[in-house]
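For reference, the structures are reproduced in the following blocks.
In the two assemblies presented below, chain A is common to both, partnered first by chain B and then by chain C.
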Partner chain A sequence: MSAAEETMQERQAALKGLGTSRKRVEDARFTQGKGNYVDDIKMPNMLFGDFVRSQHAHARVVSIDKTAALELPGVVAVLTAEDLEPLSLHWMPTLAGDKQMVLADGKVLFQGQEVAFVVAEDRYIAADAVDLVKVEYEELPVLVDPFKAELPDAPVLREDIADQKEGAHGPRRHPNHIFTWEQGDKAAAEAVIEEAPVVAEEMVYYHRTHPCPMETCGAVASMDKVNGKLTLWGTFQAPHVVRTVASLLSGIAEHNIRVVSPDIGGGFGNKVGVYPGYVCSIVASIVTGQPVKWIEDRMENLSATAFARDYWMQGKIAATKEGKILGLWCHTTADHGAFDACADPTKYPAGFMNICTGSYDIPTAYLAVDGIYTNKAPGGVAYRCSFRVTEAAYFIERMIEVLAIKLNMDAADLRALNFIKKEQFPYQSALGWEYDSGDYHTAWNKALDAVDYRGLRQQQSQQVEDFKAGKTRKLMGIGLCHFTEIVGAGPVKNCDILGMGMFDSCEIRIHPTGSAIARLGTISQGQGHATTFAQILATEIGISADDITIEEGDTDTAPYGLGTYGSRSTPVAGAATAMAGRKIRAKAQMIAAYLLEVHDNDLEWEIDRFVVKGAPERFKTMKEVAFASYTQEIPGVEPGLEAVSYYDPPNMTYPFGAYICVMDIDVDTGVTDIRKFYALDDCGTRINPMIIEGQVHGGLTEALAIALGQEIAYDELGNVKTGSLMDFFIPTSWETPNYETDFTETPSPHHPIGAKGVGESPNVGGVPAFSNAINDAFRAFGLTHTHMPHDHWRIWKTANDLGLHS
Partner chain B sequence: MIPGRFEYHQPDSVPAAVGLLSDLGDEARVIAGGHSLIPMMKLRLAMPEHLIDLRAIDSLKQISVAGSTVTIGAMATQSDLIDSTELATAAPIVRETALQIADPQVRYVGTIGGNVANGDPGNDMPALMQCLNASFHLHGPDGERQVPAREFYEAAYFTARDDLEILTGISFPACEGGYAYEKQKRKIGDYATAAAAVLLSKAADSSCSQAAIALTNLADTPLYCQEASDHLVQSGVTDASIDAAVQSALGQIEPVDDNRGPVEFKKHAAKVILKRAIENAWARA
Partner chain C sequence: MSKTKLTLNVNGKSVEAEAEPRELLIHVLREQLEITGPHIGCETSHCGACTVEIDGRSVKSCTMFAIQAQGTEITTIEGLGNPDKLHVLQEKFKEHHGLQCGYCTPGMITRAHRLLEENPNPTEEDVRFGIAGNLCRCTGYQNIVKAVLAAADELNQPEAVA
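For the complex of A and B:
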C-alpha cells in the first residue's frame, strides 16, 4: 500500500505517537541481560576502590595506620583525608549549601562514614586491605534524637561550623541547628487556630527510609594523562551537574571532563547527589593514571548513601463545626543527619514541603521547618517524589483524617467539602504556589463510585459489630487519599541546583532519509525515556517513533540539562522536546511551501505531512521534506533539518490523584492483607498509557513498602539496625497486591503538550492511602493516629494498646 | 560483601569428604547450598580457609521411602522436597514447610542438610525434624552414628555434631494423621517471627492418639514441646486442652527482641500461631 492510499487513522497509528501504549524499546536488552551498567564497564589496568568505614556513629579519629594495608601485594594506595587535603578535596560542597567530609577529617559523624579509600589491583585485594587499615577511635556521645539536639548537654556534632551563626538558609541558633524555613502567615494562622470552633492536632512522623535502587551507586573514573581528559562513568541522575561539580572541585576544565551515565538500575533520588566514592575514584585515577572503579554494596548503600524522609510534622488544623477548613499550622523537625546533603533546589531547604495544604482550599496557613544535625547518614532526598512532597501529602492526608475524627464526619465527605473547585484554577495557595489545573471533585466521585465507597463503609460497620460480638478477629480499613503533586522543577527564576537553573533541553537531528535522533539533558533510570520522548516527537514532527533514536546521559553529546528526578523529565525535557519538534516543523513548513510552490500560510499540518489548504492531493510528507533539506538548494533556508530547545518552564505542574485502599487486618498477629487498591491518576495529557500504568504499579509498591515496614532504624548508639535486605523491606510479587488503575485527564495549561508527569504520584498518594487504611481500621475503637511503618508488631501494639487482645 | 581467600574442594564421595575434613581440620567448612555460610563469608563473619562442597556427591541427593521409614540425603534441596511425590504422601508436612522457606530461587539451592546442620534458630527444618522425631546421620573419621533431632541442638549454632563429622542424611518415620506448619513472617525470605510444626493423630474414638509439637525461632534452639504434646494425648483435643497445651509450650519459649518486634509481641504471636497450627492439624487428622 502506498503512503497516499493509507487512511488518516492508519497514518496516525503508524506514528505511535501521543496516547499510544507503545512497547518499551529498552526492554529487549534489559530482559535479555544485555543492559550496560556501570559495573559492566571493564577497562585495561582498571583498579578497584573500597572504603574503610566507621563502625561508630560519633568518634574522634585518633590515628589511621595504613602500613599493613600498603604492604599487602596488589594494594596500590590508601587515601585518607590527609592525602586529599592538599587538593582541597577532603571536604566537598553538598547540594544544600553545606559541606560534607569526603574522608573522615579528624572525626566521624555517622556509622558507615567513609574513613579511608583503599585502591588495589582487584576487588578482593581491596577488601582484604580494608581489614588491614587500623583506625583508632575515641568514642564521643551520640545524638540520634533530633528533639535532644538543642538540649544543654547535647554533644556538638559539627565542630567545623560550631561558631557559624549564619547558615546557607539563614540564622542558626545552635551548633546542631541547620536552618529554620518559614512560609505563610504565622500570626494569621495562629489567630485562626485560636478562634476556630474545631481544632485537631497531631504529631505526624514520616519515618526514615531509603530509596534502595536495585543497582547500588558506583563509578569508574579514568584520567588520561596524555590528553588531560577525565572520563567518569557513573550512576548519575544528573550527569551534567556532576560534570560541573567535578570541574569546580578538581580544577579540571569542564571541556576536559566527560561524564557518562550508562544504563541505570533505578535511582529514586538516591543517585542525584555526589558521594565520596565518586570523588575518591577520580582522585585515585588522577594519582595512579589508571582507571579506578568503585561500586558500593547493598549494606553500604543502605547505611551511607542518601536516605529519605525523617520528618516529624506537628500539625494543627482548624475548621468550622460543619467541616469547612479555616487554617493549617505545621511545625516540622527535620532530621538531616550529619551533613545537610538534601537534594533540593537551592532556595528550598525543605523542598516543596509548602505544598502541604494539599488538594484543599485552605485560606490561611503557616509552615516552619527546623533542620537538625544528628549522628546519622546524610541525605533527605526525594525518594520517588518531588522534593519533600510525599512528606507534605502524608501530613495533610493524615491531618484530614484526624480532623474527620474530631468532627465525627466521614473522611471522604470532609475532603469533598474542602477541595479546591475546578473553577478556582489557576489557584493561589496560602503557602505560595500557583496550582495550574485540576478537577478534584470529578476524580474523587469517580473513585468513590468505582469502589462502591458507601457499600464498603456498610461492610466495615458490620465487621466492627462482628468483631465486638467475637465472630471475627479481623478488622477492615478503608484508606482514602486525594493528593496533589508539585513536579517539574522548575522555573529558572526560583529553581536552581548549585546555581544551575532547572531548565532542560532537547536537540534533534533529522536524517536525510527521514529518521531522527534526539538527545536530551535528562537520563532514564528505568522510566522508559527512549520510548516516550520518541512518542512526543512523533506527534510533533510526523515521523514514526520507531524511526527516532533517543539518547541521553553522555555529556559530550547531550545538551546541558539538570537530569531526571522530581518527575521533571516530562514537564521540562518533554516540553523542550515538543518545542524543538515545533522548530523542526516550522523550518519544514518553509521547505514544503517551496517544494509545493505555495506560500507558507497556504499549508496546514496533517499528521505526518504538509497539505495545501483546499487541495488535499497536494502535500509533502515530513520524510520528503527531510530529504529535500539535504539534497536541494532551498532559497533563503539553510541546508539540513536540526533544532535545539532549552526549556525554562513558566510554572510547576500539579498532577493529582484519588487512591482508595481496602485492607484486612489480623488483630492478633498484625498481619495485613490488601483486599483492593484503586488508583486514579490525573497526569494531564497521557503520553503512553502502558508506561503510566507500569509507573503507577511500581510507585504504589514502593509506597506499600514504606507504609508497611520499610525503614532505616537506628539504636541509641547510632547503629543502623536495618542495614540489609533481611530487615529492610523490599516487597516481592508475593507481598504486592493487585492494583486497579484509572484516570482522568486535565491537561496542564502551560505545558506545550499538557503533560504533567506521573512517575512519582503513586508514591506520594500511595503512602497515605496505605497508612490511612491501617488507622481507619481502628477508628471505631478510639484510635486517632499511629505512626508508620505499620509492620506486624506495631499494628499488634496499636491493637494491644486499644485493649483489643483482652 | 567480599569474602576472604579460601581453597575450594569438591569431593565425589562421603569418605573423601570426611577425609578432607579430617585433614584440613578447623580451617575447613563443609558447604551444602551455602545460603547461610556464603552470606557469613561475605560479611567476613566466617573466614574458612577451605570449603568442602558436597554438591558432587550424588548419593546425598536421594529421597526414599522404604516401608515406614523416610530417608532424605543431606543435599536434597527444598525444591526437591517440594517436588517429591513419595514425600508428599509419606510426610506432607515436609512439603508444607519447604514451601514456606524463602522463594523459589532460594529453594532450588538451599538444602535440607544445610538447613538442619547449621544450628541457626531461624531455620524452619530443625523444629520440623524434632516434630517428626527424625534422626540425623553423621559421618566422621570413626564411621557413622545417628543423633535424634530432639537431642541435636545445644545453642545457637552449637549442635551435637563433632567438628570432624558431616551430616549426610536424615531419617524419620512416615507420618500419619493431621499436620500443620504455621509460620508468621514479615515477608518472603524472612525468618519466622514465630512458627510451629504440629502432627496429630486421631483415634477411632476421636481421642488424640499421637501428638508432636515443635517451635521455630522462639529460643536459641528449636523447641520440642514434650509436655504440650503429651497433654493433647492425655486430655484429647478440645478448646481447653489446646489452650493448656499452648500455655505449656509458651513456658518453654525465650524469644528475643529484634526487628521483628519486642518479646511481648513474639510471645503473643507464638500463642496465636501455635493455636492455629494445632487447630489446623486436628482438622486434617
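For the complex of A and C:
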C-alpha cells in the first residue's frame, strides 16, 4: 500500500462515517446515571397530578364528589370533565379521526379510564386524594368480544356518535362499528379462491399486547403566565406534532408553546399518542400557575395507554397443486377498544395491513378490515413495527405454513417457489404497494445454508420417531419466516398524521473551526440517533462524526418533523440529513473553488476535501472551507455554512429478512427452549453495524415476549387480567437466548444513501418465526394452527388436545 | 404525616433526609437527595430499574421504606465511577453496546457490580441468572451479558483496579 493510499484510509477511518461500528455518544451519561428523563425534572413549586380511574369497564358516572379530596391539606385542585368543558378540553381528537374523552363525560368505557385529575403538592398526597374522590357509578352491560358488537342485544358503547352513519373512514353500519377498509379486488380474489385446486383457510388471531417500555409515559407542564409561554416536557415520540395539537386544543399560539422530549426510556410506539395525562397536566398548570408533573405507574401504563395488535384475521389462500400461489383473501376484525385512537397515517385506518401479501408474488388479493368498538382501552399503536405491519407479516407467514400443510409441502420450498424474484423489482403488489427493491432468494438460501436446514428437518423427523417410540418427551419445532416490511412513512401525497405531511427534516450549521451541529425533527428513544445521524453526515461532508453534535426533541430549536416511530427516522430524517449535507457540500465547493482559484467543475470531492482534478497537491479541506466561510469575503456567496432540508420521500422503503428459529418443546410441561435463532436482515445500506445488531437483539426479544406469553387479557367483565409485570410477560436474561445475526445488503434505489430502516424488522419477522416453531413442532401430530401467545399452559393444552399425554 | 429524620451514608457521604414512614427509599433518593440514576419502572419489584446496593446487597429501592435504610451504607450508580475514572462495568457496557435507551442501565450495572463482588469468575449462565431480576426492553440482554463477562475478565487481570 502506498503512503498516499494509507493516508486516504486513515482519513476515511477518522470520519467514523457510514458502515462504522462507532461507539455511542449517548452512553457516557446513561452509564453514569446522568440521563435526563422526564421524571428527573424538578422545578420550584412543582405540583403532582394523579388520576382517579374507573374500576368499571362500562358504567354511567352518576356523581363525582371531590369535597373530601379538596379538604386534604396539600391538595390544590381536582379536575373533572365539568371543569374541562368550558375550555372544550373534556374531549380531544384522536390520531384516527375519532374523539376521546380526556376525563369521563357522563360514562366510562374501559377499566382504567381517566375520571378525575387530582393535583397536589407531592405524589403521596395526590395518591391519598385519589382515594378520597367519591365516584358513584351505575354499571352497564360490558362488550369485550368484537364478534358480539353488532348482535341485536349488544350494548351501545359510544352514545355520543350512535346516530352517525358516516365516520372518518366511510360508512358505519352499526353504532359499535367504526369503519370498513377494503383494498384489492374482492370479486377477482373470490373467483380465484372458488376455482383454485387448493385452498387453505385459517383464522389467525394476533392477540392484544402492549409496548411496555421500561419508562412509563409522563409529562411536566409549566405555564409561565408572565411571558405567556407554555413549556411541556414529556415522553413524546413526535414532539412537533404534540406542539401543534397542544396549540389547536388549548388555543395558545404555537410560537408560545415549547415541547421538549428529554431522554426517553424506550418508546416502541407507546409514546406516539396524545394522552389525557398530558392534557390534564397542561390545564392544571394553566389553572394553578405552577409546574405540574404527571407520571404513569406501570398498572396505569398497561391498562390505559396504547395497546397494540388485537386483530382477528380470517384468511384464505389459493394455490395450484404444485404450490404456486394464485390468490389471497383476508377479512380482519379489528378490536379498537373504546375510542379509535390508532396511530396510523390518516388515509390508512388499518395502517399498512395491505402489505399482507408479504414477500410473495400473489397476482390477486383482497383485504377488508372492520374496526369495532369494545369496552377496552384505546390505542392500536405500532408496537415496534410500522403501522400494522407485524399483523400483516404474522398473517401471511402463518397462512404460508397452513398452505404448506394442505399441500404436504416443505414450507421453505413453498416460500422459495413464490418469492417475488429479484428481476421483478420495483414490484407492484396486488394490494397497491410498489416494493422498491429486494433479493429474497439470495437471503433465503443464505439462511437455509447457515442453519443446515435440510439437516435440521432430518433431525426433527428422527425426533418424531423417537417420540412415538417413547424414547423422548420432547419435540422439535423449526420456525421459518421471510418477511417484507414497509417503513419510512411517508410520501406527503398519501401519508399524513392529523393533516401534517409525513416528511422529516434536518438543519445543519458548520461552526467556523470546522465542527458542526445538526438538528432533526425526530427523537431517539434508545436508537442512538446522536451516534448514527452524525455518521451519515460525516460521510456526506467530510467532518468527523466525533465533531458533530446531533440534537433532537426541542421544538424551539429543531426543525419541524413528524417524529420517530414506524422505522421512519433513517428512511426519512436520515435522508433529510444526507440531503442537507449535500447542500453544505455544494456551497462549500463554490468557496473551495474561489480559494483555489479554479472553476467549481475543476474540483472533485475526496473524503474530507475538495481536490483540483489532476493536481492532488492542491486542495481545501471542509474544515478550511468552513473557516473561510466565516472569515473571508467570498464574492457572490453568503457568509456562513448552513443548510436545511425537508425531505418528502418518493416511496416507502421495504426492508426484509429471513429468520429461522429452532425450538425444543417439553410436551408434558409446555416449557420451551430456544436452541437456535438465526436472523438475516437486509436493511439496505448499513450505517452502524453494532447498532443494527443491537436493534435486532432487542426486537427479537420483544418478539419472543409477544409470541410466548405477553398479552393484555380481559375477563368477560372487562377487567384487565394482566395489569402488572407479575402477569404481563417480559422475558428476563434467563429465558432470552443468544441470537445469530447475519445480513445481505440491497440498497433502496430511491433513498439518498440507500438505507431502509431496521429497528422494527426483528419484531415483525421474529413473531412469526417463534410462533411457526411452536406450530411446526406439532405438525406431525395433525396440528394446523394454534393461537399465540404460546405460554407454557397453552402449549401443554395443545399437546393435550392432540392426545400426546395419553 | 410525621416525618422521621434519617441519616444515610450514600456513595461514601453522610447525608440527612426526612421521610414519612410510608415513603419509599427510591423517592427519597430521587426527590430529596437528587440521586436520579436509579429509576422507577414498575413499583412492584419486578423490573429492577431502581436497584441500589445497601450494606453489600442488591436492593430494589422501590419496595423498601426509606426509614428501613436508617444508618445503612447505600451505593448507587453515581457511586460506582466518575467522569474521570469510570468503573470497568461502565466502560464495558459502552464498549459492548450493552445499553440503548439507558433507563434500565443504572440498575443493571449496579446489580452486575454486586454480582461480580460475590462471584468474580461467573459463567455466562451465572450472569444470566444473576441479572434476571433486572428487566431490559431494548437490548435482548446479549450484549449486557457480554459486557458483564468482559468486565469480570478485566477485573481478574492482575493489574486491574476497579
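Methods note: the second predicted complex is superposed on the first by the 800 of 806 C-alpha atoms of A that agree within 3 Å, B and C clash if a C-alpha of one lies under 4 Å from a C-alpha of the other, contacts with A are read in each partner's own complex, and residues count from 1 in each chain.
Simple rule for what comes next: a residue touches a chain if its C-beta (ideal position, glycine included) is under 8 Å from a C-beta of that chain, and two chains touch if they have at least 3 such contacts.
The structure presented is a predicted model; accordingly, all values stated were derived computationally and were not measured.
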| item | value |
| --- | --- |
| Touching partner for A:Met726 - first (chain B), second (chain C), both, neither | both |
| Touched partner set for A:Met8, first chain B, second chain C, both or neither | neither |
| Contacts of A:Ala586 with chain B and chain C, given as first, second, both or neither | neither |
| Which superposed partner A:Gly35 touches (first chain B, second chain C, both, neither) | second |
| Touch count on chain A, higher of chain B and chain C | C |
| Touched partner set for A:Val492, first chain B, second chain C, both or neither | neither |
| Which superposed partner A:Arg123 touches (first chain B, second chain C, both, neither) | both |
| Touched partner set for A:Arg298, first chain B, second chain C, both or neither | both |
| Partner chain in contact with A:Trp734 - chain B first, chain C second, else both or neither | both |
| Which of chain B and chain C A:Leu151 touches, first, second, both or neither | neither |
| Chain C-contacting residues of chain A that also contact chain B | 123-124, 297-298, 725-726, 732, 734 |
| Partner chain C, residues of chain A touching it in the complex | 23-24, 26-35, 37, 39-40, 42, 123-124, 212-216, 263-266, 268, 295, 297-298, 525-528, 690-691, 693-695, 697-702, 724-726, 730, 732-734, 736, 738-739 |
| Residues of chain A defined as touching chain B within the complex | 50, 123-124, 126-128, 131, 297-299, 668-671, 709, 713, 721-722, 725-727, 729, 731-732, 734-735, 791-793, 796-797, 800, 805 |
| Chain A-touching residues of chain C, taken from the complex the two chains share | 20, 22-23, 27, 30-31, 34-44, 46-47, 49, 76-78, 81-83, 86, 90, 93-95, 97, 99-106, 109, 127-129, 131-145 |
| Residues on chain B engaged by chain A in the complex (per definition of touch) | 1-2, 4-5, 44, 103, 184, 186-191, 193, 259-262, 265, 268-269, 272-273 |
